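What follows is a set of structures to go through.
Each of the next two complexes has subunit A plus one other chain: subunit B in the first, subunit C in the second.
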Partner chain A sequence: MGPGARRSRPQGRPSPMSRNNRIALMLLAPSALFLVIFFAWPMVQAILLAVRDDDGFTLSYLNRMVDDRNFGPALRNTAAIIILVIPLQFILALIMALVVSAKLRGSQTLLYIFAVPIAVSDLAAGIVWFSIFNESGFLNTFLANVGAVAAGERVFWLSSASEWRLLGTVVVAEVWRATSIVFVILLAGLQSIPEDYDEAAQVFGASFWDRLWRVKLPLLRPSIQVALILRTILAFQIFAVVIALTGGATRVLSLEAFTWYRRLQNEHVAAAYAALILVISMVVAWIYLRTIRTQERQQ
Partner chain B sequence: MKKRRWVALLALLTMIAAGCGDGETEGTGDTGTTEASDAVDVGTVVVFSTQANPPEEQDAIISNVFEPSGIDVEFIPEQEGPFVDRTLAEAQAGDVQTDLLMALHGTYPSLLAGEALMDLSDVAADLADVGIAEDFMELGKLGTDQQWYIPVFQATYMMAAHQDAMAYLPDGVDVNALTYDQLLEWAAAASEGEGRPVLGFPAGEEGLMHRFLQGYLYPSFTGGMVTGFDSPEAVDMWTYFSELWQHVSPQANTYAFMQEQLLAGDVLIAFDHQARLVDALDQSPDDFVVFPAPTGPAGLGFMPVLVGLAIPEGAANVDGAVALMEYLLSDEGQIGLTQAIGFFPVTEAEVPSDVGAAIQAEATAAADQTAAPDALPSLLPVGLGDRGGEFNEVYRNAFLRIIFDQEDIATVLSAEGDRVQEILDSEEAPCWPPDPPSDGTCQLNR
Partner chain C sequence: MRWVSGRGLTYLIGVAVAMFIIIPIYLIALMAFGTDDFINQFPKQFIHTAETFTTETIEFFWNFRGVQESVVASLAVAGITIVLSLGLGAPAGYALARYRFRGDDAYRLGILATRAFPVVILAVPLVTTYITWGIDDTVLGIALLHTAMALPTTILVTASVFVGVSTDLEAAALTLGCTRREAFRRISLPLALPGLAASTIFTFVLSWNEVFGAAVLSSRNPTLPAKLVTQLGESSLRFRFAGGFFILVPALIFMVFVRRYLMSLWGVRLK
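Then we have the complex of A and B:
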């Protein structure tokens, strides 16, 4: 709208544009207010709790966090879980989504089966997998029944003596538990791609892999971005599965926050851990947003 | 016979706790029913509790204890963390919604530090004749001159074993008078016989491993919990414990309630809190036995656990809270509590023989533990303020570093010993039993 148009309007009457803006702001206000009160403000308070004591600003709590003997292992284990779990989940979720969207007979049933873990709480999932990996659990019973191990012999899957095996059980449980959310996001993305593209590629004789790689995956990029951000941020918060499976022998960041708050009764160091999780999550989300969006623009 | 066991347990605990050989006379108990009928119209009492949290215990405490009291009780069970948060927040806001608190000894220092507790010295004076052991009352003062909580029931830790393990008990060894060396011999034989390690300790995140270290292993080997933390005896102790750990199930890092592993057959011999063993005894009374913790070179270290009642500062219904407190400490209340949640009375109330066999068996083991000639009762840390959690963590850390990470014992003890001393210094905490009394702040013997 040019300045001339504005001049011709009677004084005191808002332009349709600014009135639209005001309506937009009014509509946004409740959720903005909600976010400020219940997210932004507690976040600021948590960060302040980590860097302030009775005498003012201090780095002592951050130092205590970094000097703590569990800090290194917690950071390393959290990173290891994310690096192992997320690629596995994406491959599995993509296969599951392609199978369901192929519209074979019974794919509706498959959809429900694949989506079941979404409804299972993470602690419940941890307990289910505990009963599988437990020394007298389903896996050892199965192995003994098929003769893979001698009767009476036990494989201690959940023993802290074997750190990587213990981490492996967490990865398996976490892949089972959280792949379905990635699956649902990718499936929604796949279904929103018009079939014309795929049909056109078929007409030109593109193979299945070509169509997947050159047509579907590029068009799925927004869904992949959403799923990646969601999963990575949630993976930094991994807690219940770890505590149910390993009894705390595998240290992760949120377990440290919990331990410092509950057992050591030091809310400052607990807040320092929480702030660390927040900062890492924000950085990772920013990296995802930048890298994936840039590629989109290049196209 | 069973009643006598109870009396013996209580009398001995009282004697030992009071630190003198002169036994106190058996009380005849007071008249709980009278108080109950007096207290009918005191209004609703809101009880906020970290104890009796599982749903079946909630039902039991409501129907066996609160309903017979004749007092209208609203029972709010809560986990430790939120319990402390809510109590402190209400005290700060000056809007106290609870009337009576029920929590472990170790929970109260942070509430006192947050000025959330009412001074109960007058109530304590009124309750002088119910027969609570002097040293238990002393613990309720939290290192001050005033009474902040009134002990209401007690418990302890002990050992349990499956009958299958008894076959491996070395010849001539009395399971009720076991030494740590015999435990090692026994565990080794049982593990070899079964083809897998069969000893269990609650070493998981929710387990109470630190209490075994503080109240059992350390006193039994060094004679104290604190002063000998990095002494040569402690080095010997950890060397012994590393050896014993060869026979502990490799999955002990997930263990929290040993009754589960005992019932599943994952372990055959275990150590834990009595309340975390009782299900095994309840469900398979013929399969399991409970017995006292072993004796070490310095004696039989053991730890009594204490739950206390307190009134939050600013509570709306103080009279009702006091009336309920009096009922809970009456014979009827104490017996009801024992039936409901399986802890032992703090008064001289006689528990009738129709109370569950599991609790009776545990009472016998606890009485034997207390009555051992070289018993060393180890009190919960006193005067550490809100650093009690960190104090526990030092013992867990030493354990994890020596046993799981196999670091050098002397190095670990020296480093963790510095942390113990730092905590004691910052709180200026004097030594507490079984460590010898100190002049001023408790000092490690280094």
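Then we have the complex of A and C:
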């Protein structure tokens, strides 16, 4: 309950407000109820499934998850993808946002093109990049055409022999697919900065980099934070890109959850993975909300 | 003078990034409309000739066992998801836009907070619930999950749509003798319709694209992405590429229709 709501409630005239309360409640209740049943409760249930069996509380499912030989690689790969993808996305998205907000002729067209991947599913993105990275794919063709590799020779980008190369292909596909949303959020942030600020800095002779570092980026902080949490939490759920590109050779957390559920038919261990993704995401969200609150207090 | 060198560079970067986005889409289209030989040859060609262009690959995919059923399932899931999320979300969005009430900030914060949760994990616990309810492996079950994923966005988007519809008109209708319900139906709703349509299309794209939940919640009645992702390992290149192209295109076409709203919904305007 924020201070705004309290201030706007007229004192000594309770009747219209309580009528509003009733109408609003009627309009909100169905959606709230739905989200409790299909959003909040399954979150709780994921944790219960992970730590409970027929006899009550148990750590056996969590132990099975942690002791599984794929657990370490899955955790490491997911973390590596996030650490590699997110900085790349933010740099690229910032460049894209700066290009569009330069308001040159054709900016509108660029804006639409930059936003296209928002509609692309992770599965489609994985298949698209599979057509490029597979050993008889477009990348090897291109490398042969420009003479970077000898004729007839191929680089096995998707071979599971080279884990890091494989991870690299996933990173490229993720950057391609999911930078657009960061771009849109950053562009919205950039456009909400009054133009006077930038003009004033220009009048005083600030260079492009000075204006970027000292004027734009500090004012973009809220947008950056929103985009950061959104992307981080989505990145923990990376799934179909990995299957389409690596056939599952690169283990990631959500792929493990799927494998335990589908192939090994153990919903408890699958739920343990789900709970792990939930807990990590909550920690990230908590850090994020804390930063926001500190920022609000500063203002 | 400032931008003499800057403008050229800005264009160069902009076009380079645009190429990075467009070329992979062009390449998958090239594959989806290529003959079997064209798909399997190495080195690849970057352009079709009259001999290599064919619709056979797409037809092969379309006639593959179970594909048409999965497309029907995908469309049914998306349809139910749209009805549910609009039916539940639009009233809530309207309430957020029009009323100040006890707990409105808490509700808004709660809706925003759903974004901080990994929706992927909902699917696993939902299966057990669905089995007890008898809706496991059904279109309805997947649609309920997709609604849970789409609802927060629908609520926030419809709220912003109704904020954009001036209350003055509604107030005028009220003074002219309309009831609240009539004022909403005859004034606010028509004005909000384009925005609501845009929100509907986002919901469609979300549902059409969603893979993990659909793959967990279905076995014999998969949606198209669920079918593709579970068969990818054992399928031919032509099946994969045609399938990838097939899920990509509807989403892209729909986005083209709402591109103007896409920007306004996210608060971006080009002046």
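Just so it is clear, the second predicted complex is superposed on the first by the 258 of 299 C-alpha atoms of A that agree within 3 Å, B and C clash if a C-alpha of one lies under 4 Å from a C-alpha of the other, contacts with A are read in each partner's own complex, and residues count from 1 in each chain.
In the analysis below, a contact is a pair of C-beta atoms (placed from the backbone, for glycine too) under 8 Å apart; a residue touches a chain by one contact, two chains touch by 3 or more.
Note that the coordinates shown come from a computational prediction; the quantities given were computed from them, not determined experimentally.
In the three-chain model built by superposing on subunit A, subunit B clashes with subunit C. When both complexes are overlaid on chain A, the residue A:Trp129 reaches subunit C alone and has no touch with subunit B.
In the overlay built on the shared chain, the residue A:Arg263 is in contact with subunit B alone; subunit C does not reach it. Within the superposed three-chain model, A:Ala79 lies out of touch with both subunit B and subunit C [touch as defined at top]. In the superposed model, A:Ser160 makes contact with subunit B only, not with subunit C. By the document's definition of touching, neither partner reaches A:Leu62: not subunit B, not subunit C.
Look at A:Ala201: by the touch rule set out above, it reaches neither subunit B nor subunit C.
Touching more residues of subunit A than its counterpart among subunit B and subunit C is C. When the two complexes are overlaid on their common chain A, residue A:Leu219 makes contact with neither subunit B nor subunit C. When the two structures are aligned on the shared chain, A:Ser121 is found in touch with subunit C, with no touch to subunit B.
After overlaying the two complexes on the shared chain, residue contacts for A:Thr246 are found with subunit B alone; subunit C is out of touch.
Annotation: subunit C segment clashing with subunit B after superposition, chosen from 26-34, 62-70 or 116-124, is 62-70.
Residue overlap on subunit A between its contacts with subunit B in one complex and with subunit C in the other: 130, 134-136, 154, 243, 247-248, 261-262.
Of all residues in subunit A, only 69, 130, 134-136, 152-154, 156, 158-161, 243, 245-249, 255, 259, 261-266 touch subunit B in the complex they form. Remark: subunit B residues 80-81, 84, 110, 195-196, 203-207, 249-251, 253-256, 264-266, 386-390, 392-393, 397, 401, 404 touch subunit A in the complex.
Listing the residues of subunit C that touch subunit A in their complex gives 2, 6-7, 10-11, 13-14, 17-18, 20-22, 24-25, 27-28, 31, 40-44, 46, 84, 87-89, 91-92, 94-96, 99-107, 110, 113-122, 124-129, 144-145, 147-148, 151-152, 155, 205, 208-212, 215-216, 225, 228-230, 232-233, 237, 240-241, 243-245, 247-248, 251-252, 254-255, 259, 262-263, 266-271. On the side of subunit A, the complex with subunit C involves touching residues 1-2, 4-5, 8-9, 17, 20-21, 23-25, 27-28, 30-32, 34-35, 38-39, 42-43, 45-46, 48-49, 92, 95-96, 98-100, 102-104, 106-108, 110-124, 126-132, 134-138, 140-141, 144-145, 154, 176, 184-185, 187-188, 191-192, 202, 208, 229-230, 233, 236-237, 239-240, 243-244, 247-248, 254, 257-258, 261-262, 267, 270-271, 274-275, 277-278, 281-282, 284-285, 288-289.
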